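Quick one: the structure is below, and I'll ask about it shortly.
Labels run A, B, C and D following the written order; every chain starts at residue 1.
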Amino acid sequence: MLQGGQFDNMKDTQAYIERIRRVSRDYQRLELAVDKSLSSMLAGQAVLARRIEKDYEIQHWNPYLRELWFPVEILNSNIIVVEVPAATSYQPGQLLSLLGPIGKPFKFRRKLRNVLLIVYDTPPTSLLMMLPALLANDASVTMVLMGTACQYDTGHLPEEIEILHAEEDLSWQDMVMTLGWADQVFVLVGPSKELSNFADVMRLVRERRNDVPANYIFGVFQRQLPCAVGACYVCMLRSNAGAKLQCVDGPAFDLTTLHLEN
Amino acid sequence: MVVEVTRPGKTSLLLSTPVMPAAGTVGFGDNYRRLVDYEKLGAIITNPVTIERWHPASGTRLAPLPGGILVHTGLPNPGLKSVIQQNRQVWEKLPIPVVLHLAGTSAPHMKRAGELIDGLDVIAGIELGLNDDIDEDEAFALVSAATAIEKPLLVRLPFYEACHLAPAALDAGADALVVSAAPRGTARDEHTGRLVSGRIYGPLVKPLVLRIVGRLRRQVPEEIPIIGAGGIHSPQDARDYIEAGAVAVQVDTATWAQPKMLERIARDLGGWIATRRKDALMDEWHPDMGQTEAAQRRNLG
Amino acid sequence: MVVEVTRPGKTSLLLSTPVMPAAGTVGFGDNYRRLVDYEKLGAIITNPVTIERWHPASGTRLAPLPGGILVHTGLPNPGLKSVIQQNRQVWEKLPIPVVLHLAGTSAPHMKRAGELIDGLDVIAGIELGLNDDIDEDEAFALVSAATAIEKPLLVRLPFYEACHLAPAALDAGADALVVSAAPRGTARDEHTGRLVSGRIYGPLVKPLVLRIVGRLRRQVPEEIPIIGAGGIHSPQDARDYIEAGAVAVQVDTATWAQPKMLERIARDLGGWIATRRKDALMDEWHPDMGQTEAAQRRNLG
Amino acid sequence: MLQGGQFDNMKDTQAYIERIRRVSRDYQRLELAVDKSLSSMLAGQAVLARRIEKDYEIQHWNPYLRELWFPVEILNSNIIVVEVPAATSYQPGQLLSLLGPIGKPFKFRRKLRNVLLIVYDTPPTSLLMMLPALLANDASVTMVLMGTACQYDTGHLPEEIEILHAEEDLSWQDMVMTLGWADQVFVLVGPSKELSNFADVMRLVRERRNDVPANYIFGVFQRQLPCAVGACYVCMLRSNAGAKLQCVDGPAFDLTTLHLEN
């Protein structure tokens, strides 16, 4: 079973919204002026955010828990950028409390040439932070959008990313080739039906590729995290190596080791 | 400040602050060490532990509600023996007493717990959680069995049955009552569309449990300490419990929503409260800042 | 749509919509007539009535809570005889059945109530409210006495004791169970600084009572209708009660916060729901508009 | 006992904030674009206001109940003006749901020459709407601020109003004269300790004036009204003429007829 884990960088700090930019029909990006400790966050790590009112008092207990935000960019040692639905209204100058960093950075293979991102019934936001680094290292990136992810407008993403839209049966053009050619695959699904969605994707992959090696395909979890410090066990997953916590050991897990039946 | 949270006579449990986290909210050890100054707390109550390993509940574990949440984890834990092995060293380093929360399963389990716990000085007390469906006779038998463990024994009563079960728990030898466990409820899971059950947390739980504490305070003998637990989200909530007759309080999911609130409440009730002067410098302590952050600011300043 | 909310056999109470206001929320008559379309409701449940006149509680009657309120009015009412005299004409004009809520005080009072009510056709049923402190024998005696009134008899159970008292109420002859009365609680009055007690209302009450309804649905015979009541603030909340086993629901203080929500829920569960098309004109009906407002808009337009 | 009362004008209508003006250090005025039915409101009547979110959904149940707003001015058939604490932030364009009009207009004597307003531990906002009409009819108005009401900055009130600040013992300069000279007195107290504050004022008045006639001194209640339609009985008061409801029969009651003991 698990220990508390390593939280030696985790802090509860204040941030405020420095700037708001609309990036597409449905999404806006918030530039957050943050504590320096958050500027060393890496792709895969997240913060739990909550609006705070005067004197740190919480007046509205709805939503009760913080929102999980994976930054899409670290602008400098003071500013991190998050992407959130445009439907929620924010104002520059608004105060936030940010708990983080949460979780472990994505582990990329040494010699990474081709990365496949599969995004299923969720916006791809949580995967976006890896893009600049991958592109800077000459990796090529393909992003397959499945289900409601197809509605995500990718106009503001780097041009170098190849974007594919899957069919209703989840298959896409040149699927076998893409899967064979990828050195690493990251699968992102929405928190609704996540285990069965991961299982769907694994079935798809196994049908196309007999050998699914270890450290090849990773599921990225986006559950709401009540505590984020390994205390509440709400985010617990079962794996061949015993129980795992999204907030401590995640958000990415080798899908060949997870128990995906509910 | 010294607060005795057990009745006089037997081994007693003394806390330096009448504030602690509720079982299930802060893990088994020091998970919150970067966010909460443990020295300011009265004790740590561990997550619930069973004798045998329990696996996590499958399916929905969390349902957001208006002004609260429903939680159903299934009490996952590796069993008492492993919990002790894995956490003993952390417990020994903690600056405050560790109270082990035992899920009250069966009398033989309580006996086995005694064998594992007796002689373990790092465990300062036991909090026994009574199941919601237990009746008065079962409660009596379970608490009686647990008194064989040579530790101060707090008994946590279920919400709906608190007034009915309190006499049985006390007759069987409980040293204190924790009132109460979070109420069970049912809500619709927005992801699966199904009704799910679990425990309900949120500020509106407080007026309900506060009334139960007041009633029990009048119902049970004066020398029985009552620890209030339910919906505490502010220092004033905690003070309300003390006024209603509790000697100490447990803070539950407020800690998740705002970890420093636990420390803030402990500072308030522990007499540590400091209010920042209007013109205070950034490096001075603020009630919500947390000791660790304050210390860092001082070091940076 | 016809919903039978009483068990088969005796005089039955039939509603055309399984939604009604809870006792204490809409007065004795048609106070909400300008804000709610009564035709869309299943019935009106009156404010609680006693045989003798009751005066209002003195002191705090309302304490705001996070996500809810505490209310303590003391059930003021001029006594059954006056209530009937004052409201009979209004009741006769209402397009829906009127259910009189009787505060369950004593068996002789129930007898006296029968004398006043029998023969009064405008009263379609009685909802008997059981006090929180009542035990099973007292509940049996009170409900038995109330069955002498020649009307369908709904019995509203107290929150904490709902499961304990249900069998007694049914054995004594209740035709249906209303589950439950609002839970009692204690909170600090911000004006006087004192702890006050009263009933707790707010959305977080719903998951608690929803679970009780589910349990009682499994516990009592299938032919006993259960009416769900507690923390309903949206059509989905009401639908959750139906799924948990209720045949109908009562909406409480949501009506105060947003009067049209009562009508909206009634329209939803009554099959009247209409969703405004995206390009609908202002004079078309909108779920939240209320029939009256919609009618006015049509007349104006 | 009471009947439901007359609510034949009461409606639940939408309004939005057209304009926001700061009128003093602590107060701002909101100009609300309202349903025409509210433009016939008279001094003494109020609305219950609640912010609404998209599609009429209430998302935040804190505060649970609506706020009681007595307009300070009716600008035209579309715009009413309310005065609220500047500490709460509002935005132009914000949607509100307004329930009203609530209560009965103040009843002024036929030949009103001198009006005394006593304002105790509350801002005088709920009395302000009567001022223009009184002044237009050549009545002279004296306003005595007591307790925390003294903190209210009266700079934006009409110059013709005589403003006095009471001492700590609640007495004020020329008290006997002011009380004798007044044709009608309106006493406004905060909802905290209202009955005992009214009783304090009555004691004061009775000490200065042996005969306190009927229809001379009126208490104006500002309790929070859960239903405002005479249904919930939270706002019930006891009087010589039986039970009265603030929301139906109020907000002003002849203080000589009310039972002010708690």
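Throughout what follows, contacts are C-beta pairs under 8 Å (C-beta built on N, C-alpha and C of every residue); 3 or more make two chains touch, one makes a residue touch a chain.
This structure is a prediction, so every number in the text was calculated from the model and none was measured.
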What chains do chain B and chain C have as common neighbours?
A, D
Distance in whole angstrom between the CA centres of chain A and chain B is 33
Using the average of all C-alpha atoms in each chain as its centre, how far is it in Å between chain A and chain C?
47
Could you give the separation in Å between the centres of chain A and chain D, each centre being the mean of its C-alpha atoms?
53
Junction residues of chain D - those touching two or more other chains
59, 61-62
Two or more partner chains touched - positions in chain C:
65-68, 202-203, 233
Overall pattern in which the protein chains touch one another (line/ring/star/complete/other):
complete
What part of chain B is in contact with chain D in the complex they form?
66-67
Interfacial residue positions of chain D with respect to chain B in the complex
59, 61-62
Okay, in this complex, where on chain B does chain C touch?
65-68, 70, 160, 183-188, 195, 197, 200, 202-208, 210-211, 214, 233, 236, 240, 243-244
Sites on chain A touched by chain B in the complex:
1, 3-5, 7-13, 50, 55-56, 58, 61-66, 97, 99, 191-193, 223-224, 226-227, 229-234, 236, 238, 243, 262
Contact footprint of chain A on chain B as seen in their complex:
24-35, 47, 53, 55-56, 58-59, 61-62, 64-69, 71, 73, 76-78, 82-83, 86, 90, 190-192, 201-203, 233, 253, 255-260, 288, 290, 293
